[in-house]
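Labels run A, B and C following the written order; every chain starts at residue 1.
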């Protein structure tokens, strides 16, 4: 993790920072794995509903799972990418897509919106937190960090929808989605500023993001439409 | 502005270059702000016509406003991005999108093509000039610089249309658009080679680009179609 | 070619590597030129079928020809891009697009799938090999290198289709396409590991990729569909 040392030296006025704020490597890996798996699963499901072929299913799974994180690393100029450092993730998503295809084909599993909901909401929260973490490590200002969290969380899904030739649901379904990640990002930033441990910021961000999302669907909240 | 010093040292055979050719920081900031505002406005209008929700409007405004410049910085390997250096721009676009939504909703403003025209044409000219400026600072060869100007100017609009699930109008509406930016770019390059001051190149590029665009719409010029 | 020296020093345990594995600069340039021309041609043809205007045809030709390679260089952090190092390629594609438009317009050339097939298959094989080559030079692990080859080969076509507002044919036409590049990539990797000369790996990769693709079309192979 190269930016660690620069972060430490540049924030010398903030002595406990590197032990308190920064996630351990294990926590970080766990978050990346969970978020990647969650989004890969959502990608498989969307591709299945669009009746793409086997290659299409794998490709959409990869785009959903790695799109957000790759763009995050590209924007923050972080090399090597997290999927180059952890090639196991690539194998995992490939395997997950193949197994999911076999299982879903046999079980006549109902691909309702409900089935996609939890993987998607959890992935959103986890990736938002991971984007915040990286951006704050790279000394980004607050709003930029929140935007990076948002991009990391949302972009996998946007690319997934764009490749499937749909207006991304984020932009058009009048349900709060990006707004949840936006709120979660600010919560992360607030807790980070209080010098609380990193896992607390992570958990709060995850809870707020996924919780708001669940609440929004349950209560049928709608975003203000354009000229109702 | 880190590339400034390398540009200066690498072009030692061109002594007056750094005082003559390079825009002052104030001019550069002014151009970026105007172009960003113009494209953000065009993004809000397109999103409104597509009846996206509030988040969609903000997202399309951001994509239009920052898409071209971000890809330019990515291709030229310029960090930090201009919206990281000037976070005010992010707040500004957010504010502009919210205010525009409120105003447009109440006033029953007619969202004709005409209303979008001037913000779009000015943004195109300004971003083309800013892309040229950056690319020439990074020692790119002439044609590459013109392409960078073109990409910076056009890409925001292309991303805006792709996200709204349309064939980008640039490619399909048979009206000169990219061609205007292309011509403006060559004008910029020509004036730059004569060692004229930077603001002159900027103004000429802007005038040629926006002027050609206005002329094309006014005179109903059409690009040669494929097999008429 | 800056990564050459690092590759050499980092693989000191592999003495003959730099003379045996790495393509000469001439071979590399030849491959890039052929692949670029092939994909530019395929782009012109797709744009023609979509009846885009003159600018659209040029833009789609550029995207098809340079999209894959540019994303490869971006992901591998290779600057300057290959089209900045060899500006002639840009002029070439521009010329090719213009000439192709004139010729195709006059000759009433039938734009069947067949006409697009060979440029596309050859471009796929050549770009896959070039992506593998760059990724292995940058010390990427095996699977990542194969993915880079795949991305380099396939992405030009995906961007071409996305910009034309279609679900990329790669993902949906139930014909093996990406799978051919995937197989070709593993063949390249296998031969590279045996310390065979670079041109052998290139030729094998090209033969396997384009050959499999031709075989797939000829024998009407189909990928397993989702729930037949």
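Keep in mind that, in the parts below, a contact is a pair of C-beta atoms (placed from the backbone, for glycine too) under 8 Å apart; a residue touches a chain by one contact, two chains touch by 3 or more.
All figures in this text were calculated on a predicted structure; none of them were measured in a lab.
Taken as a contact graph, the chains are fully connected, with every chain touching every other chain. Residue numbering shows that chain B and chain C use the same positions for less than half of their mutual interface. Superposing the C-alpha atoms of chain A onto chain C requires a rotation of 120 degrees, rounded to the nearest 5.
With centres defined as mean CA coordinates, chain C is found 30 Å away from chain B. Counting partner chains per residue, chain B has residues 74, 162, 165 touching two or more of them.
Residue ranges of chain C in contact with chain B, taken from their complex: 47-48, 50-57, 59-60, 70, 74, 79, 81, 83-84, 87, 90-91, 101, 105, 162-165. On chain C, the positions that touch chain A within their shared complex are 74-75, 77, 140-141, 143-144, 147, 158, 162, 165-168, 170-174, 176-179, 222-227.
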